[in-house]
Structure formats: structure tokens, C-alpha cells
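Take a look at the structures below.
What follows is chain A paired twice: with chain B in the first complex and chain C in the second.
Let's look at the complex of A and B:
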């Protein structure tokens, strides 16, 4: 385990957007799945040390981030943001060289060329600026910059969402071939299935289901996970349907998903505690019914 | 147009030629640059270009219309208007450059720090800025002139004191926006110190609107210095200054138009040159506005 969030509450100003989340970043890749606004990126920023928790702790090894050796942490944990994460005024080579340790600056040009080759790019692109590259090339540059410090963990924030599917596939191949561990933030279930052994599903800033990615996607135990999976359009299949009201309920007033949940019962007005159900942890009073395939209305 | 192998559209044939040509963003900007170079050169070379010495009085040649001997005529005390305009350019351009230089350095430095740092530091800087903006500019300048001796330096100080807060506001809003970009986050995650992040990423990406504003303000500064000179707080006789010349000749406009018109035109042409050059700068400084080239 490289990083661990322990009962972490995160927010902007005084407004919390992630509520008491506990999760470990373990080997084999960890996915954070959820719709826009669910708190995935906020959690990722906390793992990167860019956001201080309102309560709870981020653990780096056996120390909290507040007390950890930040120089070592920055070397171990690096972000891979979307392809737009390059300074538009900087040449590609300069952007990558910024990541190199100070002692290695004399050989920076050679190292930049090696990194560009490692991600499948022509070293000659070092002289270009970001707007002169395609989206896929820019994404590779972002990955090359993260690899410059040889990190143990890459925090990938929607690394393929702005790319077309063929470019996506090549970037996924590249990411899968890297030695570093991965925390992947995405709403794309196919991507998480490819890169992550374990996944956590976030809804309204709470983890509603955690477990092996394959089990989660093949047979969800939370109605929200099932809704996410069923919302993926399939070739030749029926168009996905949006069901229920879009808003979540306020914190501390029961299950956050109950206004959208087709299986909601009066008991859902009491917040469900995460519990073990088969191979995963689920925060749902009706997890067994979801696993059994219940599609709507209270069980009689 | 051809498509590169990664889809970048580019004018492949134009690349070799463009490489050897100076990068002129557009015709208006080029015109502005040429005009500005002419104004600056004529100000610098005034002692050699001017047909008469600065401030030379010729009581027998008062209010002569433009002629071969006096291209722009003479004023009410017989000074050659063309020579006065050449010398006046030195004063007016000095005031514009000094005011904008001081305002930009102070304003942008404070603004970028405020925008990037946020929190209490931003609150302190922006509240101080608000205090300066709350004073009527002319009143503040008048108050300063009461304390200081009327001179060109007083004009520079008085205008700069009321001008820098606008650059602070502009730079702060730009810097606050840039500070949230993911390339800044990426630099933070690499452990790049905050001053270096500001210098490498925030400042260069915040400068475009500031440069445009500087060029747009240059004309305004020249006009404001003219107003202060009129109130007796700025350039004093025998210093030649365009604003002062306009103010002194304003009562003669209907009878001896040249006394006011030529210094006015000098202000107009200089302000126009700064404006179009600023617009061209904006285009040239935006890396996405240039022609994309084929990626080999």
C-alpha cells in the first residue's frame, strides 16, 4: 500500500464534497468510478497533496502527508492529467525537463529524448509547442513528464476522456505497459476494467461500492453501480435510459442515492454503513436484492 | 493546405519562405510599429531634425500659418510648432513609458502574487488596491502635486500612483485563473517552488492582456499628463510637451488651427500606433493564433 485515505472529508471553503472516505491504493491498479461531480478529482487532488483534508488523514506509508518527506513523496507519486496539462507557451522538451531532478539537468536533452521514445514519440518533437501536437501526442507527453522522476504510483485523472477511441486504445496499451502502480479516475468503465484490479464507486462524495473490478462490473451490488454499467451504450443495443432525479440528498440524511434509486424503501432514509457482501463492500440496505437481480420497487 | 500524419493542418509550401521572413502578425500591427518607430526616432533625433532650437522665441513671427519656413506654423510667442512637436515627443513618450513601466512592474508583480497565492495575502493586496482605486485619480494627483514640486517627474509619480491598481486587478484575475490550470498543478506535484511556478508559468501566461492594456493605455497616459500640465502640475515652460501645447493653444483653435491641430495629431498618431501594435502583440503572443506547421 502506497497511499491510504482514512475517513477523509474534503471540500472547498466550508462546503464538503467528499464525505469520510476510506480507501487504500493497493497493487494491481485501483479505479475510482463515478459521474461528474461525484468527488473523484477532489479525492485525487488530496492524494497528490494538492488539497488538505477538512478531517481525516492521507497516509503515505506509515506517515500522514502533513509529516511525510515531501521530496520523496513527489518522487513517488505523480499525476497524469488530461492532454491539456501542458503549458501552452513551453516547448515540449522544456515541459519534460522541468520534471527532471536538478542534478540531472546537464544531461537533460538526452533524458528528454529517452522519455519521448519510451512513450512512443519522436524525440524531435521536443522542440514543438503543445498546440503543434495532436491530442494523443500531447497525452503521451504528459505521461512522459510524469515518468521523468520514475514514480512508484501514477494518479491518472481521466487520461483518455478527451481522445478518440483508437487513440484511447494506444494510450491504454502504453499505460498498461508501465511498471508504476495506478490510481485511475474515470467514468469510463471499459478503461477501468482494463487497468484496475480493484475499484471504488463514488456517488455524491461517498464510496458506495468497493471490490474487484470484474465482480463490480459483472454483477454490481449497488443500484448506482448497476445504473452506471447499464448507462454504457452498446452497439445494436437499446439506448440507455436516464432514470430518477439527478440530485443527491444532503449528507447525514440517509442513503445519498435514494432519490434516484428504483429500489428505495423507507429504510433508505437511514444512512447505510458499508458492509461485506460477497467479494465486495457495499453501502446499500438492499445489496442482496441488487445482486439477485431485483429491478425495482420494494421486495415483498 | 496539407494534413500532417497526426492530423495537424499546415501550409507545407509556405514553411520554408516564412522561416526567413520576419514574423509580422498583421498589416495594422506593422503600420503601428512603423509609426511608433518614426515617433520614437524623431523624438530621439530632435536636436538634429528640428529646424529651430527648442523654445526659441521669435516675437516677430507669431502665429504664422504653415509655410516652407515653418512647416507646422508658429505659436503665439513665435516658436516653431514642428520643432516643438519633435522635442515634445521626448517628454510625452518619456512620461508614457515611465508611468506604464512603473505601473506595470508594481501592478503586475502584486497582482500575480495575489492571484497565485490567494487566501489572506490576496485579500491584503486587493484591499490596498481598492483603497487606491477609491480615490478620484485627479484628486490624488493634485494632492501629490501640493506636496511635490510641479515637474515631469511629479506627473510620472502622480499618474503611476493612480494607474498601477488597474494592472494589479488585471494580473490578479489572470493569475488566479492560470493557477488552477492542470499544468500548474503538475508543476506543484513536481515540487517546483512557488516563485519559480510564478515566473515560469503564471507570469508568462498572464502577460498577454497586460501587454495589450499597456499599449491601449499609452495614449491615455499622454492625455492625462496633458491635463495635469494644464492644471499647472506637470511639465512647465520652457519644457516642450504635446499636452501642454494643446492646452496652451486651445483658445486659438478657431483662428489659428495649426497651433492645436499638429500637437493633437501627434498625440492621435502615437495613441493609434500603440493601439494597433497592442492588438498585433496580442495575436503574436497567443501561440495558438499562428499557422500550425507540419509535424515531422
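Let's look at the complex of A and C:
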């Protein structure tokens, strides 16, 4: 485990948008799943040390990020953003060489060529500028740049959402083949399924369900996880289902999902604590009913 | 409602869209599928004569109007009123300082719908908003006060209020969250079934298309490489590119049904 969030509350100004989240970045890839406004990108920023928690701690090994050696941290933990982050004026080779650790200037050219090859690009592309590359090639360059310091963990925020589907498939293959661990932030359940052994589902700044990705998607225990999964269109399948009102505002007190939840009961006005149910942790009073396939209406 | 024959669109001599045949009847949904640069959006825009710098040849008939030879006045009769264009992010097209209700009333007046009477327009607006399952309260809001899914449904309500018979939609849900996408798709399906709207959908999402379209055209580098009934094309693709697209669709375990 490289990083751990412990009861972390995050926000901008005084308004918290992520509430008391505890989670570990474990091996085999970790997915943070959520829709717009769920707090997933805010949490990723905290893991990158770009946002200080209002309360709680981010642990890096046995130290909190506040006290950690930031030079070592920046080498260990690297962000991979969308390809728009490349400097349009800079040649690809320069862009990657800039990210190399200090003192490695002498062999820089050779190292850049190696990195380009590692992400499946022709080393000859080093002389080009970003606009001369395709979207998929640019995304590979961004990954090569992150790999320049040989990091232990990559934090990827929607790394393929701007790409065509055939290009996306190849980038996912590349990411799956790398040695570095992954924290993947996305709204795309299929991408998480490919790259992450463990997943955490966020709703309104709270983790509502955590566990093995496969179990979460095959048999969700939280009604929101199930709503997300059932909204994904499938080839030749039925039209995607809109469960509840997708745009209802999160409830202020009690379970944040209750205003949208087809299974809500009066008990849901009391906020559910995360608890262990089968292979996962879930914050829902009716997790057992969800697992059993209950579709709506209160229990009698 | 839409009949296209031998449509060729060129920019500076380069062929960017070549569509031999494309028909959409009332109540039908046809989807054009392809990746960046395939010519799918160009094809859609050319149906309303919205590719002014292009050299176009062929035949395009939309709601009985020959688009490629029509006078600007004739084009204005179908644009917006009988044929609605729904883009990826409708919020960008809504005037930021105008309440949605005011915006809709102006559009009705501009197109002479509701006989210019306040009462007539109010009824039409209420009915249109209800058809897309929005709360009438939305009409008092400004564009920045609504979500992406609400803005997209408002764009559809506007089309209905103006009496649209055809909806041209370019990636109408790709900027939306999946649960919101499901709602917008639900509204589109209802409009087809209940009002017989013809729907031409441009999308890169084969899985989405498979759940809503009757027929599919697959485009690559400006050419239609395969077309036919959606069920056949997606189950038994004949062109290698269609197969490649299908293989790239990632599946999520645990089918909903």
C-alpha cells in the first residue's frame, strides 16, 4: 500500500465536497467511480498532494503527506491527465526529457527513445510537436512523461474518455501492461473493470460501496451502484434504464441517495454507517435486499 | 422524412463524406456511427444546408424540401421549426442572460407558432416541457442554473414546441453521466413512439445505438462501409471495420436483465 486516505474531508473554501473518506490504494489497480460532482477528482487531487484535507490525513507509507519528503513523493506518485495538458510549443522529446529526474541529462536522448518505445511509439516522433500527433499518440506521450521518473503509482483521471473507442482499447492494453500501480478516476464502469481489481463508488462526496470490482458490478449491494450499472447501454441489450430521478439533489441529512432511491424507507433518514456485507463494504440499510435483487417499494 | 441519394461533400477538393443512400421515415431512428473524422457530423449538418464552405453534390430531401437547391427562405421554413438540430452541449447555444421560458416564447414567436397569443404559447410550452418530463418551474431558470441533462431535455422540448417532425442529434448524450443519458434516451424513445418523430442520431457509442436505432450506417474516412438493420449489422457485421468497432466495445459484467 502506497497511499491511504483516513477519514479525509475535502473542500473548497469552507464547503466540504468529500466527507470522511477512508480508503487504501492497494495492489492490482484501484478505481474511483462516480458521476459529475461526486467528488472523485477532488479526492484524486488530495492523493496527489494538490489539496490539503480540511480534516483527516493522507498517509504516504508511515508518514502523513504534510510531513513527507515531497521530492520522493513526487517521484513515487505521478499524475496522468488528459492529453490536452501537453505544451503545444514544445517538441515531444523535450516535453518528456523535461520530466526526467535531475542529473539524467547526459543520457536523456537515449532514455526518451526508450520511454517512447515503452508506450508503443516510434522514437522518431520525439522531433514532432503535439499538433502533429493523433489523440491516441498524444495520450501515449502523456503516459511516457509520467513514466520518466519510474513511479510506483500512476493517478489517472479519465485517461481515455476523449479518445475514439478503438484507440481507447489500445491505451487500456498499454496501461494494463505497465509495472506501476494505478489509481483510476472515471465514470466508465467498463474501463474500471479492465484495469482495477478493487473499486470504490462515490456518491455526493461519500464512498457508498467498496470491494472487488467484479463483485461490485456483477452483484451490487448499494442501490446507486446498481443504478449506475443498469444505466450503461449494452450491445443488443434493452434500452438503458433510468432508475429513480437521476437529477434529484443529494439529501442533506441521512443517506445522501435516499431521494433517488427506489428502495428508500423511513430508516434512511438516519445516515447509514459503512459495514461489511459479503465481499464488500457498503453504506446502505438495505444492502441485503439489494443483493437479493429487490427492485423497489418498501419492505412490509 | 429524410431522403438522401449520392451525397458527396468536399472541402477544398477533399471528399469528407460520401453517402450513397440514407432514408429516415416518420417514427424511425437511424444512427450514423463512426470515429473522429469519419464524416458523420458533416453528413448530419449537410441535411440542413449548414456546410456553407463545402462543395456538395447529390440529392437531399428533408420534409419535402430539396435542401441543396432550396432558396434561403425555403431552408428557413424547415430549420428549427420542422427539423430540429440537437448538439452535444446545448448549454453553449442558450443565451446566458435569458430565462429558458423567455427563450422558448421568443422562438415560438419567431416561427409564428401559437398565433402570437400569450395564452396559446403558454399552453404549447407547458405541454412541450411535460413531454420531456421536466418540471415547468425550469422555464423560470437561467441556462447556468440547469444541469446538462436538463439542458438537453429543454432543447428537445423546444423542438417539440416548434412542432418538429425530424430531430437531428449529434452525440446528444456523450457529455452526460450514464444515469442522465438513460433519461434522455428514454425521452427520445417516447417522442418517437408517441409523436412519430423521425430521429437521425450521430454517435460513436455502438452499445447505445444498438438499444435505440432501427438502422445503422457505419462510416470511416468519409465512406459508408456498412449499412443495414441495426440488429443485423451489430450481430453479423460484414465489414472488418464494423467488427473492429464492435470488438472495442467494452462490456460491463452483470447484464441488467
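Please note the rule applied: the second predicted complex is superposed on the first by the 291 of 300 C-alpha atoms of A that agree within 3 Å, B and C clash if a C-alpha of one lies under 4 Å from a C-alpha of the other, contacts with A are read in each partner's own complex, and residues count from 1 in each chain.
Going forward, contacts are C-beta pairs under 8 Å (C-beta built on N, C-alpha and C of every residue); 3 or more make two chains touch, one makes a residue touch a chain.
A quick note: this is a predicted structure, and the numbers were derived from the prediction, not measured.
When both complexes are superposed on chain A, chain B and chain C sit side by side without a clash.
Between the C-alpha centres of chain B and chain C, as viewed from that of chain A, the superposed structures give an angle of 70°, to the nearest 10. With both structures placed on the common chain, the touch criterion links A:136 to chain B but leaves chain C unconnected. Of the two partner chains, chain C is the only one that A:219 touches; chain B does not reach it.
By the touch criterion defined above, A:165 lies against chain C but remains apart from chain B after alignment on the C-alpha atoms of chain A. By the document's definition of touching, neither partner reaches A:54: not chain B, not chain C.
Applying the stated contact rule after C-alpha superposition, one finds that A:74 touches chain B and leaves chain C untouched. After overlaying the two complexes on the shared chain, residue contacts for A:277 are found with neither chain B nor chain C. Once the two complexes are overlaid on the shared chain, A:265 sits clear of chain B and of chain C alike. For the pair chain B and chain C, the least inter-chain C-alpha distance in the overlaid model is 6 Å. By the touch rule above, chain C contacts chain A in their complex via residues 35-36, 147-150, 177-183, 185-186, 189, 204-208, 210-212, 231, 234-235, 244-257. Listed in rising order, the residues of chain A touching chain B in the complex are 45, 48-50, 70-71, 74, 77-79, 81-82, 84-90, 95, 98-99, 122, 124-125, 128-129, 131-134, 136-137, 142, 145, 149. Touching chain C in their complex are the following residues of chain A: 35-36, 135, 164-169, 172, 187-191, 193-194, 214, 217-220, 227-243, 246-247. Listed in rising order, the residues of chain B touching chain A in the complex are 6-8, 181-183, 185-192, 200-201, 204-205, 287-288, 292-293, 295-296.
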